[in-house]
Amino acid sequence: MQPQLESTHAIETSLRATHEPWFHHVVRLYPHQTDYSGIAWHGTYIAWMEEARVEYLRSLGVNYSDLVNLGYEMPVVELNIRYHRSVQMGAEAIVKTRLSSLQGVRMNWEYRIESADEQELYVTAQVTLVTVDLDKKKIVRQLPAQVQDVLQRLRGQ
Amino acid sequence: MQPQLESTHAIETSLRATHEPWFHHVVRLYPHQTDYSGIAWHGTYIAWMEEARVEYLRSLGVNYSDLVNLGYEMPVVELNIRYHRSVQMGAEAIVKTRLSSLQGVRMNWEYRIESADEQELYVTAQVTLVTVDLDKKKIVRQLPAQVQDVLQRLRGQ
Amino acid sequence: MQPQLESTHAIETSLRATHEPWFHHVVRLYPHQTDYSGIAWHGTYIAWMEEARVEYLRSLGVNYSDLVNLGYEMPVVELNIRYHRSVQMGAEAIVKTRLSSLQGVRMNWEYRIESADEQELYVTAQVTLVTVDLDKKKIVRQLPAQVQDVLQRLRGQ
Amino acid sequence: MQPQLESTHAIETSLRATHEPWFHHVVRLYPHQTDYSGIAWHGTYIAWMEEARVEYLRSLGVNYSDLVNLGYEMPVVELNIRYHRSVQMGAEAIVKTRLSSLQGVRMNWEYRIESADEQELYVTAQVTLVTVDLDKKKIVRQLPAQVQDVLQRLRGQ
């Protein structure tokens, strides 16, 4: 019986990135993203979180579209989001994200969407992705080399 | 000290609607709702869930736009969604929803999105709404009469 | 010099469908389709026009997704739209469409978006599509048999 | 009969801006903006054109949301768009815009959407806006002072 080993493992798969600064992606709320209430429609944040993920990967040297051309994609399998305050039309916001943990094939991303001055919290969220082989239409157990490199680098930081 | 009373209360605020048939809202996946992978973009379901909520209220005699004209709105404050399978372009889906519980000012809605033949489960989700007074920009403790009537009817079923 | 022949040809390629009743696709304006002004965001109509096209083809026996699986798609190459009045949140609208003419490989669709009682005109538009071979990434001169059948039927009406 | 005067007038109302460099707004195509064909859904460009307009006004000192708070908005009344080539997922594009002419209360904007290296033309478009008084729900004959200042500056360049 070695519960310690299991928890050690859990600690290992929890990336050190969670102690690192967040990746920042700056956005602005345009009219097409508002709804009748004059603020962001609640689905807008889902799009922004995807954009932040794509930009984060790009900053690490992985173009998401290259990954798709290689026959992989990373669909969202779970998404939990809490809305604290609303972004006003015309306002800038910072979408902060980081990879919080790896659970087998599941990549967990953490989000905070804040005002430009970082004084107001709009949204907190967790998004879980898996990697899918587009031909086999199956979740891959082994991440593509490109992605492994990135994760390696994150762990090694 | 009466913990029993509290749990009785909890049972009372859990609407009987959870034992009732779900409200069904039928949708079809159009090209503009797909993404590069040829299936529904994961934010599309957020829009469908909103549509189902609006249609459910309408079926109960409440036009959401009337509510807004009266000075109220019902923003989403929390949303948890799990993606099980993907809707293919051109396919019909049923967005099933019901009010699962009331926690003070929080209305919890439950969702299941299924294939037209109800044999495949695409998405399960929970969405929490509050009611906001648009002038005061504050959450109301007392639901507007129109909404109370609807909830009363649901409880009385 | 036979300008008459040319104009005869032009008449032939102008489908009789233009004298036929329009195809009707009924929609309702949901919160996610509004913007800060409380009415439909102007891009919403573009999505509705696509939906009406897909439903029109379906009513004629062509599933757009089957066409894509066969290796074809019908992208929009030109779109002209005039906004007359706005659809209010919660209102129903009828998206009326018909194939107005064929110019070589170009299919011209005509649109009128009206109120449910057909007393108010919201939008008039023309949309031009071509048929593209997805493998060759080229516009096809010869329409796929499925589409030809449909056009034949429209002409023959 | 003075057709010359009329054409002189036409020249005057055609802003000198048309001879000026275009305003540039840089965008990138994210997954949520693609459709099943792996490229930009054709409505995506409508959103980008709105963003470019808002950023152009901002660069001239007018926050569109301030204008709305003052009781004005600038809805699109006409939109003509031609699709030449498609933006690929992950690619950057430049949305170029300029105010091409004023016809009474109508402001005509011209658009070119190009690849990042300006070697490929994706889209050309014209968009016509009017200014509406949100309280009276009527088109204003007299532009709000803020906007007049901006136009004055454009003419004076």
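The first chain written gets the first letter, and so on, giving A, B, C and D; residue counts start at 1 in each chain.
Keep this in mind: a residue touches a chain if its C-beta (ideal position, glycine included) is under 8 Å from a C-beta of that chain, and two chains touch if they have at least 3 such contacts.
This is a predicted model, so every value here is computed, not measured.
Summarising the inter-chain layout, the chain whose CA centre lies farthest from the centre of subunit B is D. If you compare B-D with A-D, the chain pair joined by more contacting C-beta pairs is A-D.
Centre-to-centre spacing of subunit A and subunit D amounts to 33 Å, using the average Cα coordinate of each chain.
With each centre defined as the average position of its C-alpha atoms, the distance from subunit B to subunit D rounds to 38 Å.
In subunit C, the positions touching at least two other chains are 31-32, 36-38, 43, 46-47, 50, 68, 89.
Within the complex, the subunit A residues that touch subunit B are 36-37, 42-43, 46-47, 50, 68, 73, 75-83, 86, 134.
Subunit D meets subunit A in the complex at residues 30-32, 38, 46-47, 50-51, 54, 63-66, 68, 88-91.
Within the complex formed with subunit B, the subunit D residues making contact are 31-32, 34-39, 41, 43, 89.
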